[in-house]
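Shared between the two complexes below is chain A, which pairs with chain B and chain C, respectively.
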Partner chain A sequence: MNDIIESVKNLSIGFNSQKGKQISILRNVSTNIKKGETVGIVGESGSGKSTLALAMMGYIKQGLFPLKGECLFKSEDLLKMSSRQLEKIRGRKIAMIPQNAGQALTPNLKIGYQIDEALKLHTDLNKTERDKKISELLNKVRLPSPETMAFRYPHELSGGQQQRVAVAMALAGKPDLLLLDEPTTGLDVTTQAHVLELLRFIAKDTGTSMIYVSHDLGAIAQVSDRIVVMYAGEIVLEGPARKILKEPIHPYTYGLLKSIPKLSLAGLPASMPGSQPQPGSINEGCSFYDRCNLATDNCKKNSPDLEHIKELDTNVRCFNYKELINQNNNLQTSITKKSNNSEANEVLKLKDVSISYAKQKFFDQLLNKISDQNPTVKDINIDIKKGETIALVGESGSGKSTILKSIAGLLKTKDGQIKFENDRILSSDLKMRNPNDLRAIQLIFQNPDESLNPNHTVEQILSQPLKLYFNLSGEELKKNIIDLLKKVRLGEFYMSRYPRQLSGGEKQRVAVARAFAAKPDIILCDEVTSALDVSVQAAVLNLLQQLKEDLGTTYVFVSHDLAVVRAISDRVAVLYQGRLCEIGPSQNVYKFPSHPYTEVLLGAVLEPDPDIKPKLVAEDIVEEKPPEKGCSFQGRCPRKIGDICNSEVPPWQIGENGNAIRCHINIEELASLQQ
Partner chain B sequence: MLLLILKRIGLGLITLFIVSLITFVGVEVLPGDACTTYLEREAYGAALDACIKRLGLDVPAYERYLDWASNVVRGDFGYSLSGEMPINEVLGPRVKNSLVLASVSILIGIPLAIVLGIITALWRDKLPDIMISTITIFSMTIPEFISATLLILIVAIWLGWLPGIVIIPSDATFYELLSNIILPVVAISMIMTAHMARMVRSSVIQVMASDYVQMAILKGVPYWKMVFRHVLPNALLPAINVVALTIAWLLGGVVVTEVVFNYPGLGRLVIESISNRDLPVVQALAIILASIYVGINLIADLMTLMLNPRLKSLQIRK
Partner chain C sequence: MESNLITEDKQKNKLEKAFEILKTMASKPSGLIGLTIVLFHVILALISPYIVPYDYKAISPNTMLLAPSAEHWFGTDSLGRDVFTRTILGGRTALTVTFFGSLIALLWGGLLGIFCGLVGGKIDDVVMRVVDAFLSIPWILAMLLIVSLLGTSTEVLIPALGFFYGKGIVRVARAATHDVIAKDFIVSARARGHSNMSIIWNEIIPNVRDAILVEGAMRWSWMLLGFSSLSFLGFGVSPPTPDWGLMISNARGLMSFAYWSVIAPIVGLSSLIIGINLTADAFAKALGIDRSTKAPV
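This part shows the complex of A and B:
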């Protein structure tokens, strides 16, 4: 028993609703953290995982309070401690690495000061020793030039660097337990893989216990020894990482794993029906009852207890888990999608498109032109066929959303043309486009919370495009709205709802319905699934595919998630710093040979499988501007061959698989290098 | 950085130029001119001609503007009509009086507002917040002419502690002024402090809810240290611009309060010169008030730039 660092016993945390009812967010949670162990807590948004993690530091968010149970750290209850006592434990015994380091570092204090503050509070080192220690810590988290780094402000660092500073700050007090709350969410794929690598190294090096909270099973799989799966405020499954990820015996975990798109699989992931219940809405029975395909009448009336299964070393909260044992080989399946016919005509052509964010100089304004030798997006040539799904992939700053905006007419192009239907040039100025062209190209945004007017009902939201483009009114308008809702699998009663009364997935469905209301030819999807939970993401992807097969719509799909892109797209274009690196049919882009940048991106993808480790081939430096000459990827390329990369723009080479790669290395040589 | 300061100063000067044009044109367009106002019923025949000649009104308007503007740049506002004395002599003591009133109000009001704002934010929805917030909202909603009159009624008339109105010559010394300005200062501070305290309160509450404050707590930073190092510097930054506007408003003359207390400041001079149709003084006041606003806002912008590391390095990088 001595090796247990922290144990949570029957913890319930909740709030008082406006009607005076007690509503719990965490229900009867018990778990133990052992010395030197890394525990992953996984769950979708609203599952209570962050509340649990914060409670393990004795911190309860405003408005919430503990209903019962305790959090024992070395057999002392953190929830009963005074703030004086907690100050002695936080940062010294238990330290936190926050989700978004950019916002968790105080903006007016230098990095060095913030680390020094932790050292002053939790060690008895003197000033010179502390200064030395700060350099040491910054070095340990592999930040460049630690001496000058200490004098920088948080905003002067990139996202990955900020996260490293947060790690250094947490290590300052030499804690026994590190709490990580989604530490890599919001970082680019390559940065994320590097930070995870660092965390794994630190866990091994210092023997610190870690609690890793995330919605991302891919990240959890890379670091955890043990995994706790949360659903609706309860632990539903708990056990060794490998067991949970490879042979999940709870239907929720099983469904969750199946709904994650995987790099190795073409086709769409299977989706789970429904969404997580709201806190307080479950009175009796199993909280997963509504979405479970193993559910029986017993599940509706009685809620299962967390049952320990000795032979699997696992705790599970399900009456029917036995049905899932030995069923798990079909985790690696996906729904095949119909491919478009490649004979179709081109519907949209981007020809030599360049886009600049540079401010117009005074004289250029007069002449209505932009003079920028090094524009954000340059020389984009893509022909899009009718009915295909083409994906634009790249990290943040790759220009993928910029291109989308200029297709939509929201951003003016600097050079080049956007041609629509029979090579007719679309004006780059939105006001100059004719109404029919505006109707034909629709946009779905990343975050439905921001793209749907909170003061409009679903009926009002959907009626706007119908009135604007088709002049519908009265009964006909209503019939069309109901049809649209049916298309996105929402019932008629949703018409009177406001966006705030819908779940994230339902909101995105309304946004999809709004785009389809215009009967568009092309739909531009800007990271449409990145704000959604995995199980909901799978459902939205399936919906988009279904609509496309029924209506023959063309999608331009922007995403940073290579696995999602693999699942939905027919063709992929990989972008770095606003320049195309590679373009080709998606099954070929994911095969070798590929552009060195595609190789880096693919290597950094985290799969929900502890046996597949990411391959880190390039540094995760952030470049602020594309290079003036030569190859756009010269700064980070692991396969750079020499001066030619810095001075000359590489030529296009077309491989036998049909993917085009822009690289100075001969394509066959590239293939043999990457084997 | 230097370039930016120069740019801002340049913009300020352009603003002042436009203001001077507008006031000059405004005065020009009004029916009648300085002479008809001055001579009133005698404004005809030889007397009018003589007056026009004397004041130089017979030259074209743009020449007069250039003449006037070049004098203003040299610090000479010309002559007032009603007193027939140099405007500089009229303005001097008024500016001084307004400065005294404003600086005393600022010295008392701003620190008080910040302290009250912080207290209400830190004890949000607890007794100190409820009490202070009620009082501030109360004093914010009462118009100043009512609160000023009530102050006179209670303190000066019923209790007889202080003089109700300021009966001092406009060129009184600082010490003579001081005992006389207590009531005006209280009346002004009531409104000003209330406004600013509310501002500071919401700003502090917003910062207290931020991720970095939660992080500081979870790092084990003691409460008051966290408040002073992590919360206040970030919360008070946006307050600088509000403080600047308040100072400009105070220096520009708190018209109503000055009139109620009969205080010889700039605000009352504005009213007086308008009702006397003393157009040269009105023009001079417009320029002076505009310069105060432009100047104070310039200082506030520069201070925000200096204190906010985010903006500072942004400028340097450019």
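This part shows the complex of A and C:
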């Protein structure tokens, strides 16, 4: 028993509703954290995972209060401690690494000073010892040149570096337990892989216990020894990481793993029906009953207890888990999607498109000089065929959303042409486009919370495009709205609802319906699934695919998630710093030979499989500006061959797989290098 | 946390919503007090012409500076006019002028602010600099100029006050518009090709309306004070119209021995201002806009 560092016993946390009812967010949660162990807490938004993690450091959000149970840290109940007592524990014994380090660091204090503050508070070292400790810590989190780093301000660091500083600060007090709340969620794929690698190293090196909270099973798989799966405020499955990820014996975990798109699979992931019940609306019986395909009458009436299965070393909350044992080869399946015929005509052509955010200087304007020689996006040539799904992939700053905005007419191009249907040039200025062209190209946004007017009902939202483009009114308008809702699998009663009354998935469905209301030819999807939970993401992807197959719409799909892109797209274009690196049919882009950048991206993808470790080939530097000459990827390329990369723009090479790669290395050589 | 919960999705009509907001406002003591005071003043203003015991302009040398009694509840002033009559009729003047003044301020300030926030660029720059320039002019001096040129009738006072108190609303409306303009639903409407007018009407106004209304309510109480100051200086409504500022001004020299003629209008004015302030605060809280987090303009 001695090696248990924190144990949570029968913890319930809740709040009082306006009607005076007590509603629990956490229900009867019990778990133990052992010394030196990394526990991953995974769940979708609203599952109570963050509430649990915060309670583990004795913090309960305002408005919430513990209903029963205790949080024992070294046999002392954190929830009963005074704030004075907690002060002594937090930082020294339990430290936390927040989700967004950029917001957690004070913007106008130097990094070194902020770490020094933590050291002053949590250690008894003197000034010179502390200075030594600061560079030691910065070294440990692998920040380059720790001496100068200490004198920088947070804004001078990239997101990944800020996160490293947050790790260094947390380590300052030599804590026994580290709490990580989605520490890599806002970071780029390659940076994310690097930070996770660092965390794994630190856990081994210092023997610190970690609690890693995330919705991302891919990230959890990389760091955790043990995984706790939460659903609707309860632990539904708990056990060794490998067992959970390879042989999940709870139907929710099983469905969750199935709904994650995987790099190795071409088709769409299977989706789980429905959504997580809201706190307060949970009736008797199993909370997963509505979405479960193993459910029996027993599940409706009785709530299952967390049952310990000795031979698997797993706790599971399900009556029928036995049906899932030895079922798990099914995890590697997907729904095959219909591919379009490649004979179709081109519907949209981007020809030598360049886009610049730089404002023309006043004098240059007078002299009619072009001031920006190095625009954000340059020389984009993409032909998009009717009925295909083309994906633009890249990390933040790759220009993928910028290109999308230009196609939509929201951003003027600097050079080049956008041609629509039969080579007609489309003005890049929205006001110059005719109404029919505006109708033909529609946008779906990343975050449905922002893309739907909070003061409009679903009916009002959907009637906007119908009124504008088709002049509908009265009964006809209503009929069309109901049809649209049916198309996105929502009932008629959704018409009178406001966005705030819908779940994330439902909101995105409304946004999809609004785009389809215009009967468009092309739909531009800007990271449409990245704000959604995994199980909902799969459902939205399936819906988009279904609509496309029914209506023959063309998608331009922007995403940073290579697995999602793999699932939905027919063709992929990889972008770095606003320049195309590789373009080709999606099954070929995901095969070698690839452009070195594609190789880096593919290597950094986190799969929910403890056996697939990310390959970290390139440094996670963030470049702010594209290079003026040569290859766009010269700064980070692990396969750079010399001066030619710095001076000349690489030529396009067509591989035998049909993907075009822009690299100086001969494509056969690239293939043999990447084997 | 609680507001995110999907509880019921009854479609409420506008009247029900308004009633709900009133209920929330009255649920806190400060809101209830504010609402009561404002309601009291408004009712008094509406019925005052029918309940006053005396003629407000009847001068009588026999009844000069009488102390409060059963016949003259608040006493009489230096010209022998009944202070009670003039006080409740004064409230009617103040409320009428400032209510319509605020309405004008809200309309032009709100619409101009939203428009500037939406179009941005050079038009926005120019308009905002002009507004800034007006903000730098001491309004009371400008008012004195207008009043001395055009006279002191309510037809002049209402639009003039509305103009001067609308400048601040322009900035608030513009800032509120900037908050929503970056949201994707505006981008979406733009990409669909809606006109500016349609975007303002359908997408922006429903989202900035609350902030502007609260600002307008606040301005109302400031305008009340401003209007009374003008009258006090003799540039408000002209005698013998009953008006609080004017009454205070006329009676202030006699304060040492005829305090009654000055106390009644002071109580009327300050209670109405406090009442409107409390109501505006409760209104803001009921709508979920916390004024304390926004810098006053």
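Quick note on the criterion: the second predicted complex is superposed on the first by the 667 of 675 C-alpha atoms of A that agree within 3 Å, B and C clash if a C-alpha of one lies under 4 Å from a C-alpha of the other, contacts with A are read in each partner's own complex, and residues count from 1 in each chain.
Keep in mind that, in the parts below, a residue touches a chain if its C-beta (ideal position, glycine included) is under 8 Å from a C-beta of that chain, and two chains touch if they have at least 3 such contacts.
Not measured: the values here are computed from a predicted model.
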First (chain B), second (chain C), both or neither touched by A:L121: first
Contacts of A:P98 with chain B and chain C, given as first, second, both or neither: first
Which superposed partner A:Y59 touches (first chain B, second chain C, both, neither): first
Which of chain B and chain C A:R433 touches, first, second, both or neither: second
Touched partner set for A:H456, first chain B, second chain C, both or neither: second
Chain B versus chain C as contact partner of A:Q501, first or second or both or neither: second
Touched chain A residues, chain B compared with chain C: C
Set of chain A residues, in rising order, touched by both chain B and chain C: none
Contact set on chain C toward chain A in their complex: 1-7, 9, 11, 183-185, 187-194, 198, 202-203, 206-207
Residue numbers on chain A that touch chain C, as the complex places them: 15, 17-18, 61, 63-64, 278-281, 408-410, 430, 433, 435, 438-439, 441-443, 445-447, 450-457, 460, 464-465, 468-469, 493, 496-498, 500-503, 514, 518
Touch list for chain A against partner chain B, complex: 54, 57, 59, 62, 83, 86-92, 95-96, 98-100, 103-109, 117-118, 121-122, 153, 155-156, 166, 169, 173
Chain A partner contacts - residues on chain B that touch it in the complex: 209-212, 214-223, 229-230, 233-234, 237, 307-310, 313
